[in-house]
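After this come two complexes, each holding chain A, first together with chain B and then together with chain C.
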Partner chain A sequence: MKGRAWIGSALWYMGAIALALWVLAPIYLIGLLAFSPRMAVYRWPRPLLPLEFSLETMRFFVSATGTLAATRNSVVVALLTMMLSLALGAPAGYALARFLFPGREAVRMGILMTRMFPMAILSIPLAVTFIRIGLYDTPWAVALVHTAMALPFVILITASVFVSIPRDLEEAAMTLGCSPLSAFLRISLPLALPGLAAAALFTFVISWNEVFAAAILTLRQRTLPALVITVLNESPLYFRFAGGFFMVAPALVILLIIRRFLFNLWGITSR
Partner chain B sequence: MGKGKAPEWLLPLALLMPAALFLTLFIAIPSVQALWLAFQTPGGSWSLEPFRRMVTDTRFLPALRNTILLIALIIPIQLVMALTMALIAQSRRRGAGFFLYLYAIPLAISELAAGLVWLAIFTERGYLNVILRGLGWIERPIVFLSYERPLGILLAVVVAEVWRATAIVMVTLVAGLQMILGEYWEAAEVFGANLLQKIRYVVLPLLRPSLQAALIIRTLFAFQTFAVVVALGGGVLPVLASEAYTWYVGANNPHVAAAYSLVILALSAVATGFYLYVLRVRPEEMGR
Partner chain C sequence: MARVRVEGVRKTFGKVIALRDISLTVEDGEFYVLLGPSGCGKTTLLRCIAGLERVDRGRIFIGEREVTGLPPRHRNIAMVFQSYAVFPHMKVYDNIAFGLRMRRIPEMEARRRVARVAAMLQIEDLLDRYPAQLSGGQRQRVAVARALVMQPDVLLMDEPLSNLDALLRLHARAELKRLHQETGMTIIYVTHDQVEAMSLGDRIAVMREGEIVQVDTPMRIYEAPATVFVGSFIGNPPMNFLHGVVEEGKDGWFFALEGHRLPLPPLREVSPGQSLLLGIRAENIRVDERPHAEALPAEVMVVEPLGAQWLITARIGEQFIKLTLPPGRPVAPGQTLWLSFPIEAVRWMDARSGQAIRELAPAASGSGKAGDSRG
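Right, the complex of A and B next:
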């Protein structure tokens, strides 16, 4: 029996490590290319170890026409999306978490239903509308569509954040003389803050990564993914790899920051 | 609550209203507009012309076929891998939590970036060929992604999407597993069930709500697959979303593009309905 337990353990670790390598190796490889000299991409054969570290490839990508402007646009769009989604989503999430009202389940269903609507069905008519009202090719245009995409997530995430904060605390504060508003501001909000921050950062990543709407709704004010995908076929391989790494890196850092919240948040939103 | 009934529902209503208005403005109205666009000519008269152009386009059927083929290939693999990852990450061995975070990493990676990552591996002088040569199996690079062999591109897309989006399925399943693994798992252990029996008779049935949620989300996203296909195939492999994009950006025709987006919506609705029906959860099975 003891021998079998040992084998089971060994198998478990082998499987776990194999899957970890499957996840990590591709990220390592693109990082390797991003920090190799430009021509390393075409070398045959070449080493799998970082023997010739160089910033040349990344420098080429960053100094290419449009990269910096697109990075700035991406950040602006993501920040706008983050603020809009939180400003609209947090109150709705709070309402779902704290109140029983007629039609509450219908509202939840409606929120889940919005998932069915593909990016294409939002961005193509909105592009037509935005051209007409002069909003086309602006960070706002992209941010509005990204908010439409992220808002349902944010509502469900913030609802789950507020559900996890006991209502009793607010009620206790009110019996001690707080108004409902100040009970919320002084008790629930501070407790909810980490969860809300995680939701905000997650929204940032969603917007930072989105490419379809961004490519449809911009022409000169490209976001980073929109820029990369539109110049993809004319750009050298090392540009593409540097671009890939450049887009992945910030999102990875953010994921690392919010890792503690990931499973609680996501698990509940997908129900 | 002594002031009558109104305030009780007024506050939640007021809190919900801004979000509801926004979603109406930016989801409901555009969807109706898409419907209009798809049934109009550029001149503005009602017509089936956009749909006729879409269906008679030589890329329409391949795009439809590729989209469905990708879903049929990717999602079963993802389900098995995600369940394996979730079970590994939820066991009580040392390091399980660490692996959970590792497996979640691709959540941060976009479709476009995933396509570029795997391009670095599958391209002619990419790392797959480098490794194959290192093993002494090949002398010259094999061309995996070529115009002549769309199948190679299709399989590369499958690998890239399995790599990227399995994390989404896993995270959803982990949430469901957390509730099951404790008592039920141990009860099965007491009765002498082996691993496969535990998965077949304990985990899978109880996990049905989570499976349903994960499958719906993954399938809805999969119908929109776009950037990864462009990054790996450069337009050789049409899918529905890339055709919508090309008709809008390349051909400057929002009408046919809207028709494509309606096809995506229709398929998404059918798939959601299918999963809701096949994996339906009876009220008495609701755990919480």
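Right, the complex of A and C next:
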């Protein structure tokens, strides 16, 4: 009896470890080689332990032509995406959380359906449209597309944030002298702030990592992923490791910060 | 402080009619309880008075002012929610002062008023804490303080004690009663707990399916329920209802119950052949061990010693009846008890409609009729 339970939990842990390795091993290798001397990549056998720490590889990547400009573009696009998708998504999330209105379910479905169309199909007509209205090759163009991509997530996250704030609180505020708007501003908004911040950071990551639309909609104003993917084939191996690490790091940090809210979103309570 | 008048208020949610043309008047300074099972519309009615729900029809007055179309903030009411709805991101002091700040009352004055209600509710030591650091009972006090500090015309309470544990609830109930006596405030209080309603209310409005079935003082509600529903909803154990038929004998009409004949007082709108219910409270049944005239034999089924009294379930023919006895009387299952029903303690009900039938004799009839007893 006891033995069987022991095997069960052993299997469970082995599965968990395997999954963790699946995700962590590549990140570890990228990090390792990004902070090794350039030539370490070509050595055989490959070094698996961080024995020779060096900033040489990273320095090479950062000082390469276009990297800094592309990083700036990436940040600008990500910030624009963050603001746009929060400005549009948070009210939508609030409405879905608070109000019963005709077509509520249709709206919910519609939001998810925007994810049905692959970027590859959308990007050509988008590029044509943007060229026509003069937005092509600007951070705005990329930010608009990223906003469209991030909106479903922002709406779902903010809706779940607002659902978790009891309606009673706003109603109590209204009986104590608030209008509906001031009840929202004084009660719900401050309580939702951490969750909204999580949603904002999440959109930042989505935008920061997105490569396809960014590569098609820009030419000179490349974002970082767009730049890296276009120069990937002509660049040396160590450049790719450094670039990989450079792009993964912010996303990792942010995901660690907002992990709690994401768990909440999927209906699992952490802690 | 003011009286509250509700006139013909109707509220529907889609196809569901939550309130069917409700009218009531709450007197100035009265503790008025809305009592009913869940889904009877009592909370909806309270929310309509608060302005949190828009009524479909009818009018609401607070004092002499019509407030039907006004938002909550212009009604000069305060409300205590079932969940307390204490703002988690504000300290207790800021919670209580919140409404005063919204009214732009000077900070000095606000501080004085907060201090006064905090003292009244014995939460002075908690003013610097966040709600998360408080117990349920303390949070409830904060919610009450936050409402009281507004000095509203009427205080609305939606099951404020239902989230407390049993012992604390008993304590908080007495506190609320004291608070009402001290402040003389008009209070409308929603509950599904009949004991709470009995102990707190000056008057109780019993609601069912969006209608008010009876409005009366607690004792009138208890002793003279207007319908079978009220009789069986209020009291523990609920009122007994024994089924029988009016029959004609040679010296007048009598009540035929399981083959026995009971005298029938002169009742309105009763005719031979009609099915009636004899309603009687457990403690009003007279119990003898020996037979005598007018007594019915009942077989004891279950004996439950409850401490202060014993609760007996007995059987008359096919019908069950609950009665209470002082402890110590030797009663055992299978034994026969002789029961008689003092005529002044009996409520007669029409079996079909479930409505009380009034007696013709003027002395026994009260104002226990259904609907609004307008002042």
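Things worth noting here:
We take it that the second predicted complex is superposed on the first by the 245 of 271 C-alpha atoms of A that agree within 3 Å, B and C clash if a C-alpha of one lies under 4 Å from a C-alpha of the other, contacts with A are read in each partner's own complex, and residues count from 1 in each chain.
Here, a residue touches a chain if its C-beta (ideal position, glycine included) is under 8 Å from a C-beta of that chain, and two chains touch if they have at least 3 such contacts.
If you're wondering where the values come from, they're calculated on a predicted model, not measured in any experiment.
When the two complexes are overlaid on their common chain A, residue A:232 makes contact with chain B while staying clear of chain C.
Shared-chain residue A:174: touches chain C; no touch with chain B.
Once the two complexes are laid over each other on the shared chain, residue contacts for A:95 go to chain B alone; chain C is not touched.
In the superposed model, A:197 makes contact with neither chain B nor chain C. In the overlay built on the shared chain, the residue A:212 is in contact with chain B alone; chain C does not reach it. In the superposition on chain A, A:30 makes contact with chain B only, while chain C stays out of contact range. By the touch criterion defined above, A:189 lies against neither chain B nor chain C after alignment on the C-alpha atoms of chain A. In the superposition on chain A, A:248 makes contact with chain B only, while chain C stays out of contact range.
Between chain B and chain C, B contacts the larger number of chain A residues.
Within the complex, the chain C residues that touch chain A are 50-52, 71-73, 77-79, 81-83, 85, 87-89, 98-99, 102-103, 146, 150, 156.
Interface of chain A with chain B (complex): residues 9, 12-13, 15-16, 19-20, 22-24, 26-27, 29-30, 33, 41-46, 48, 87-89, 91-92, 94-96, 98-99, 101-102, 104, 107, 114-129, 144-145, 147-148, 151-152, 155, 205, 208-212, 215-216, 225, 228-229, 232-233, 237, 240-241, 243-244, 247-248, 251-252, 254-255, 259, 262-264, 266-268, 270-271. The part of chain A that touches chain C in the complex is made up of residues 166, 168-169, 171-179, 182, 187, 190-191. Every residue of chain B that touches chain A in the complex is listed here, in rising order: 8-9, 11-13, 15-16, 18-20, 22-23, 26-27, 30-31, 33-34, 37, 81, 84-85, 88, 91, 93, 95-96, 99-113, 115-121, 123, 125, 127, 129-131, 133-134, 141, 163, 167, 171-172, 174-176, 178, 209-210, 213-214, 216-217, 220, 223-224, 226-227, 230-231, 234-235, 241, 244-245, 248-249, 254, 257-258, 260-262, 264-265, 268-269, 272.
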